[in-house]
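Okay, so chain A shows up in both of these, paired with chain B first and chain C after.
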Partner chain A sequence: MNGAQIPLAEGLNALMAGLILISAFGMVATRQVQGVMRFFILQSAFLAISAFLIGYSRSSIHLWALGAITIAAKVIAIPWVLKRTLPGDLYERREIDQVLNIPASLLLALLLAIAAEFLVGPLVAASTDPVVRVNLPIGLAGILIGAYSLIARREALPQLVGILAMENGAFFAGIALAPDLPLIAELAVAIDVVLIAVVIGVLTRDIKRVIGTTQAAGMTELREGPQPWH
Partner chain B sequence: MALIIAIFLPLIAALLCWLKPLRGIAWGITVFCLSLSFALAVVTCHQVLIKGRAIGLAGWFEVDGLGVLMVLLVGFVCTLAAVFAGGYMRHGSQGARRLWWFYCNYNLLVFALIVVPAFADPNLVWVGVELITLFAVLLVAFESTPSALEAAWKFSILTIMGAPISLLGFFVLYWAYRGSGGGTAETWQSLHAMAPAMSPKLLKLSFLLVFVGFGAKAGLVPMHTWLPDAHSQAPTPVCAVLSGVKTSVPLYVVLRLLSVILASPEARMGRWMVIIGLFSVGIAAFLLLQVRDYKRMFAYSTVEHMGIILTAAGFATHGSDYAAVAQMLNHSITKSLCFYAAGIVLLALGTRQIRDVHGLFRLSPFAGAALLLSALAIAGAPPFPIFLSEFSILLAGLRSGHNTAVAILAILIVVAFVAILLQVNSMVFGKPELHSTAEAIPLSCRVAVLVAALPVVVLGVFVPAPIHSLLQLAAQQLGGH
Partner chain C sequence: MTRTIAYNFIQLLFVIGFAPLYAGVLSRFKENVQSRRGPSIFQPYRDLWKLFHKDEVISLETTWIFRVTPYLVFVIPLFVTSLIPVLTDYPLAFAFMGDMLAGGFFLALAGFFSALAAVDTGNPYGPMGASRTRMVGFLAEPVFMIVFFTVSFVAQSTIPYIVQQKWIASSAAFFSPAHILLLIAFLMLILAEGGKIPVDNPAGHFELAMIDESKGLEYSGRGAALMKWGGQMKFLVLTCIFLNVLLGPWGLAHGQQPGDVLLAVPLILIKVLMFVVVLVVIESSLAKLRLFRISEFLGAAFIISVAAMIASIFSGSAV
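Now for the complex of A and B:
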């Protein structure tokens, strides 16, 4: 298959897929809270553009709505809400603790992306839909890399962004898999995502107020005692 | 119609509790609306028993036997927990000033819990399950103590992390459904009908993704670590809801999806469900031996019971399905009683540590009797209902030829039984410490305990015909052969 045969919208969608993956790597490679947030906003914007592209090429009003919801929720509302509810020093330019250093993390993220391709590659090979072939592996890679940054980061806000980045991955796959999902379901899902951000934001603020730190590593009061499996 | 009102009454109650002039009577509103909702659920159940299913709004809210069973359980447990909360929150909570906020949030949680089994569209079920998690997180953090916030944080991260994974699972399910030529809207019913035509690989992939996401919410090992934290730190009425129904509702979704898999001739998952279920039972049984906090003890017992239900569903015969839904029913009514008992012990003595409680019978005969009864019932001693359902699970397993699994399950159930009774024995009997006294137990807590104990005592010796036929209907939905 040479380049001329690929319709423009689908080619651009593949470009967006690459950019989404790169912003996922960016989130893993950044050490500052603000930087992680910026990469997340970028990733959400790419997701919205991809939804518009596929929506245009398939003339699907659902995907246009999804793109608009993504911009409203993830590019505008969530960063704004978090900035308002959380105290400013959570956003200061400071370094995030993490379990592995940056190069090792990037290597692991790369491995996860390759693993995602191998996991679902055989499944999508049978599909005649070129968008599914791009979106499902990249979406799964986004989920896995988000999960990694969630586990490796020991700080509330980057953990929340990790969850939202996982959600972006799921949606990117969803654009291809379920383009005609009922609008009500899409709306409900979008509201759910905003609620997740609000609830975790409120929780983070309370933890900051009561415990004084938002480092998850410091929260070890609840445990069973000297047992190997905790 | 009854179904729709039953679903939306908790939402209305939440709205009323939020209104300023009504904040003082938030408890009354909550108890009134939830008991009305439960009564309407009973009416819906009656319709289901006659017609096989009840339709609130076609394509949106439909319940069959399994769905209405869950709606009933949620209604029963949440109504009694609300009654219990009346006395408990006034005496046992530090955040007493924001009680209206507690009830508002509590009603929202109940709404989310009822709406999940009532939804016909699997994608909306995902939304409902996420809403359950969010409202539950806020309730766990309600006391705003450092340990409550820590528990809420671990709870939210571990369970919300599963949300995108299960969302992808539902997208894949939708894709498989469309790929099989399913033209109409996707509902549980149409999924069942189309399952034989759907790609078994995609079905398995979607089940795996949903299982990872929702298994964490149901507290299955190895994603169970949040459960004892959240279930010990939340206010006790919330613990009863969390352990009694909040874990079984995600498990209900998993079982629903498992029945879709069963309807496909090529996709097989039963063996894995048995292995994962046994793993959960095993880890929980041995953790029960060394637990030091009695609320955590009941939380681990929830992990154990979720594992038992999953194992039974994995056997995939009609007999084991019947036992699985019976176990679900029995677990919900018994575990909520356990937490009411634990709540009044906490109110009476003010400590959560097992080793600080001695001679409870002499200090407070009511609390002692409630704790002993609930511990015997949850551990599965005869003649309590859990004994019956666990016994029929073992029997159904033997009949379907899962001899090794049944042997392991039986040993683990005995370990858990011994562990729970050893712990409770040291609390209930013996001499109380010299200067310890017990606080009085509020009336509403006593009422909740007595009402909750009623089905636990009765169902062990006598299962009324309507409940039996409801369980039969529910077991048919699980699709075992």
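Now for the complex of A and C:
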């Protein structure tokens, strides 16, 4: 591969790939809900920049629109919606209780990233496109790490962020593979994602109001009448 | 040949001469950002001057280790300096005597002796600080190793002079995920090794809380001055590795003439000054971590460096 001929835009896209991977690790490593949310916003912003860059280097207007949708939906709308629907103490301070501690989670996230590189190895070898070579493994790593934080977190909001991070990973791999995806499909996904955020936000608020906790571990039993933990 | 040896000595003088200035600018600028006045940027020189003119007191209970350590701590950063590019972007006389791994081992040797010397006196605070320094040290070591391995994967070499040219070979190499992840991991490592804020508070003088400072607690006079100066030089050397080898060789002298090398001195100082800004932002915006969170911090650095390695092996985009 001749490195000198790769335009700057694709180099910068690789930089965004590195930053997206780091923010995925950050989401796993952070204890506070606010911090997880911040890393998610950062990751979405990097994703949008990457869409702009690939859109520029392939002169695809679709990707520009996609980047704009990403900023509107994930950087602005979702944090705003969650901030509006959820009670403040849930959003701001709570330290997250995890199934595994942070170093073990980070190591697992690393293993997932390695597994992602292995899994897409044959696919990447078949492609000569530098963008695909960068985006595909890191997109898959993003999906796997998002899925992991969905499993390991016990709070509703970080679990939601896990789902959204999976979507980010799929998006990042997708813009490299299918740059001319119909706009309507992406628009539908973007609106879907915001709707998911609204539904989970409202649901979480009501769960918090009725039960008094949003820890998934505390909701394994269904009971009627007065709750034992009140 | 004589000329490259002379340049090598200019590099040594650069590190010896400007390490206290670097520490002074860093602390002054940090105080200013935190809206305090702060000491003069030349304060570290005055401290050293004062310490060299004071009497030295050495406990009768100590062994030769205690006496030898200040000299080792002072000299070892100079060994490393002669291996790395500080002012020139072409290899100098001693460049092929050792690679980055050798530099890491040298620094570890200094750390080992200063930990032993801290234990040597029997003062309760010394061993406590020494054990904490070792904790940070052994958590930082794997990151060092992985960073060097990644570098050797990318550049096919661990000689710093060869490595630095690889990153600017193309924009793809410079912006490759491996390079970016490597830079972040090494930055975290510098913070830990230099005793900067998320890991240790360099301005704190409370014996129970200090990590890096406590190693020199028992020294006075010349010993204290050498320990202090050596620590400052070590930090400047790490900064030079970060800025010149891992980031990119901008500002380094390219020509062979003495004038080119002397011109590189202010350029490198400007580069270091820009790094000071980054450090001050980090130090002023973060809080010191609790002792047992340090393992998480360095664990994160380790994860990032391994991610850099797999990115460089699998995607091969850095070549």
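The criterion applied here is as follows: the second predicted complex is superposed on the first by the 218 of 230 C-alpha atoms of A that agree within 3 Å, B and C clash if a C-alpha of one lies under 4 Å from a C-alpha of the other, contacts with A are read in each partner's own complex, and residues count from 1 in each chain.
Note that in this section contacts are C-beta pairs under 8 Å (C-beta built on N, C-alpha and C of every residue); 3 or more make two chains touch, one makes a residue touch a chain.
This is a predicted model, so every value here is computed, not measured.
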| item | value |
| --- | --- |
| Partners on chain A (chain B, chain C) - clash or fit | fit |
| More chain A residues in contact [chain B versus chain C] | B |
| Partner chain in contact with A:12 - chain B first, chain C second, else both or neither | second |
| Partner chain(s) touched by A:45 [first = chain B, second = chain C, both, neither] | neither |
| Partner chain(s) touched by A:199 [first = chain B, second = chain C, both, neither] | first |
| Which of chain B and chain C A:112 touches, first, second, both or neither | neither |
| Chain B versus chain C as contact partner of A:102, first or second or both or neither | second |
| Touching partner for A:33 - first (chain B), second (chain C), both, neither | neither |
| Degrees between the directions from chain A toward chain B and toward chain C, using C-alpha centres, nearest 10 | 160 |
| Least C-alpha distance (whole Å) that remains between chain C and chain B when both complexes are overlaid | 19 |
| For the chain A and chain B complex, residues of the former touching the latter | 120, 123, 132, 139-140, 143, 146-147, 150, 156, 159, 163, 166-167, 169-171, 173-174, 177-178, 180-182, 184-185, 188-189, 192, 195-196, 199-200, 202-203, 206-207, 210-211, 216, 219, 221-222, 224-225, 227, 229-230 |
| For the chain A and chain C complex, residues of the former touching the latter | 1, 3-4, 6-8, 10-12, 14-15, 17-19, 21-22, 25, 29, 102-103, 106-107, 109-110, 113-114, 117-118, 121, 124, 130, 133-134, 137-138 |
| Sites on chain C touched by chain A in the complex | 169-181, 184, 295-296, 299-300, 303-304, 306-307, 310-311, 313-317, 319 |
| Partner chain A, residues of chain B touching it in the complex | 121, 123-124, 126-127, 130-131, 134, 137-138, 141, 144-147, 149-154, 156-157, 160-161, 163-165, 167-168, 171-172, 174-175, 178, 185, 201-202, 205, 225, 228-229, 232-233, 283, 287, 290-292, 296 |
